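By written order: A, B, C and D. Residues from 1 in each chain.
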Amino acid sequence: MSKARIEAFSDAVIAVAITLLALNLHVPDPAGSSSLARGLAEQWPNYAAFVVSFTTIGIIWINHHAMLRRIVSVDHTILLLNLLLLLTICVLPFTTALMADYLNANEGQKLAAAVYSASFLFMSLAFFAMQQHLLRAKAHLLHEYLTPEVRRRVLRRNAFGSLPYALATLAALVTPYLTLAICAGLAVFYALPGTTTDVQSA
Amino acid sequence: MSKARIEAFSDAVIAVAITLLALNLHVPDPAGSSSLARGLAEQWPNYAAFVVSFTTIGIIWINHHAMLRRIVSVDHTILLLNLLLLLTICVLPFTTALMADYLNANEGQKLAAAVYSASFLFMSLAFFAMQQHLLRAKAHLLHEYLTPEVRRRVLRRNAFGSLPYALATLAALVTPYLTLAICAGLAVFYALPGTTTDVQSA
Amino acid sequence: MSKARIEAFSDAVIAVAITLLALNLHVPDPAGSSSLARGLAEQWPNYAAFVVSFTTIGIIWINHHAMLRRIVSVDHTILLLNLLLLLTICVLPFTTALMADYLNANEGQKLAAAVYSASFLFMSLAFFAMQQHLLRAKAHLLHEYLTPEVRRRVLRRNAFGSLPYALATLAALVTPYLTLAICAGLAVFYALPGTTTDVQSA
Amino acid sequence: MSKARIEAFSDAVIAVAITLLALNLHVPDPAGSSSLARGLAEQWPNYAAFVVSFTTIGIIWINHHAMLRRIVSVDHTILLLNLLLLLTICVLPFTTALMADYLNANEGQKLAAAVYSASFLFMSLAFFAMQQHLLRAKAHLLHEYLTPEVRRRVLRRNAFGSLPYALATLAALVTPYLTLAICAGLAVFYALPGTTTDVQSA
């Protein structure tokens, strides 16, 4: 299969998922008892989770492109690993809504936060699995020759990229706000130039 | 019409349909009486149906690409058969939600399961019809020469690909869990390398 | 602006709109009083309106591509007319839901049917306006030379293509079922080879 | 990263956002007490906000393409600024729904209108930031040489493009209808040929 169509399909799935995130911004009921200002203000977890998830999906899109730029063709395993990665991305609007709706709830706060960061963890693990398959197994599919040392460096960085999400998931045992803060910090960190998991210079 | 635009349109429709599947993962009501853990656990049919449908649509996308790779141009009949195939794919988020919401219901379990696997059956029949038209009727549209023996093999495999979904629909008469299990097994089976209905080596 | 990006954007908008049509297929409430079989059967207007609208949008997509195939570049007016056409397409999931929900209602049947076919009428008028602009005003944008006689034939066919939807809108004064039947008949008619409003041989 | 994929992804996100606008057109409840005609008529703020937002997003899409046409390649900052711009576009279906649902409400009218035009303001500021980065910082990415005078003209026009949305936001202090009217006027104005913020002749 040509690389062009896997890119087009992935772009479309990621674009729909990132746009569906906004469906979790709710218009307060005009017939409700509290004022609109209060209704909008009480939704701050929705805004925070929206921005964090949007940025994270945006960065995974950048990294996805950088990863595919390395290869010239795709095999069946890449197609399946890419579907797995897209599945984890499609789940994010759901886990983002869960995080937002339960952050200030009386019960379920910690579980919702754990599910939220775990969904990022799964996404980064799926990304890592695809990256690993690309770099290890299939030299003839690669666009350019990578020295073993460069491969190791890229894989190591990818592996470390999953670790903070595991920590954020554990942090949910303490408080969900810490989980959200870690995820937000990671989104900012990965958005900085030179810190994406698969950059040109790698 | 150029092949590029039918691919682009099909990719976009399939991408939206596969992403909309996740709209059927519901955030339990924070004001509800049961705990979040229980609320999430009780949704297991939704997760199962989501993964099965996501994988099945992902595989049909791979097969769709492989099918179109064979041709150089499209005629009016291909456009219509492709629209029919896309229609059956667009219906899947609905039948998936039906399956998930009724799997543990007191009434309608078997009907919901039958509708679910029947929607896969229709999808595979639409795929078969398009494949058949491509291989039989329009030699001048084909990218490469296929021996009659290869054509027969591809068509036979496609025809057999629909049969298990007919069985899964009948299995709903026994129990909906069997239907779901068969559909899940088929998704795993078709995801294996070399078992897609229209592979390179065909 | 290059033709490629107006095609890509239009394809994406039409793909999303055609897929959103399926959101109007509702899963009957498992806790409801009537059986699932009855709940699904009572939704037949939703299935009928879904299939009619899906086919109509699919045909407009085919015609849209055929229309753009004629030109080499786009000007500002084409961009605006294309946006107008896309707006009328984006409205269709709403008018389709309106038709489906009111076909068997006690009140509003005729109005809903009139709005439904009027939305098709607007779509075909927007298509006609774009076609007319392409064929009349901008000879230097055209890919191939069209004789005045061919232009007239294409435009006449497009103009007549709008007329049946005006009739279907009027038919709503009699009964909404007639409107739906006319729209269904038109979808079948336009799907026949050689009857699309802008075919290769035109 | 190639320009092609940032265009494809942006097109897809904008296409989904523009189509989701129509989800805010509601089918009146058939079991409701008022007639369908009245139910549809009372939704006029939804139609008005839909058309204004649709046109505005359509114009930003045209301008986005014109902006990217200038460059040959993208750097990390462009990717991030583009994500920021897409984020502001994804929020528009929410703020459009807010405007529509509160325009005739007893409370919150002015706040909803202010949020609505503020969301356009943010979008135009994100567009301006991206334009500025493209024109100022990265001469080696540019497709064609622009004289300093042309750059200044484009930037000045972009800066002025944000101003009316700031005014529309302030106008919400007076009445939300004025805000809606200004936003509608701007959509019409920018749709006129030669008034887009980044045209070929710039």
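The criterion applied here is as follows: contacts are C-beta pairs under 8 Å (C-beta built on N, C-alpha and C of every residue); 3 or more make two chains touch, one makes a residue touch a chain.
Treat the numbers as computed from the prediction; the structure is a model and nothing was measured.
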Response to the item:
Note, CA centroid farthest from subunit A's centroid sits on chain C
Practice prompt. Over half of interface residue numbers shared between subunit A and subunit B means same, under half means different, so which is it?
Written response: different
Worksheet entry | Distance between the centres, which are taken as Cα means, of subunit C and subunit A, whole angstrom | 37
Discussion item. What's the distance between the Cα centroids of subunit C and subunit D, rounded to whole Å?
Written reply: 26
Discussion item. Please output the residue numbers of subunit A that touch at least 2 other chains, ranges allowed.
Written reply: 8, 12, 15-16, 20
Response to the item:
subunit A partner, complex, touching residues on subunit D are 1, 5, 8-9, 12-13, 15-17, 20, 76-77, 79-80, 83, 86-87, 90-91, 93-94, 97-98, 101-102, 105-108, 111-112, 115
Item to complete: Provide the residue numbers of subunit B that touch subunit A in the complex, in ascending order.
Response: 7-8, 11-12, 14-16, 18-23, 25, 27-28, 30, 35-37, 39-40, 51, 54-55, 58, 61-62, 65-66, 69, 191, 193-194, 196
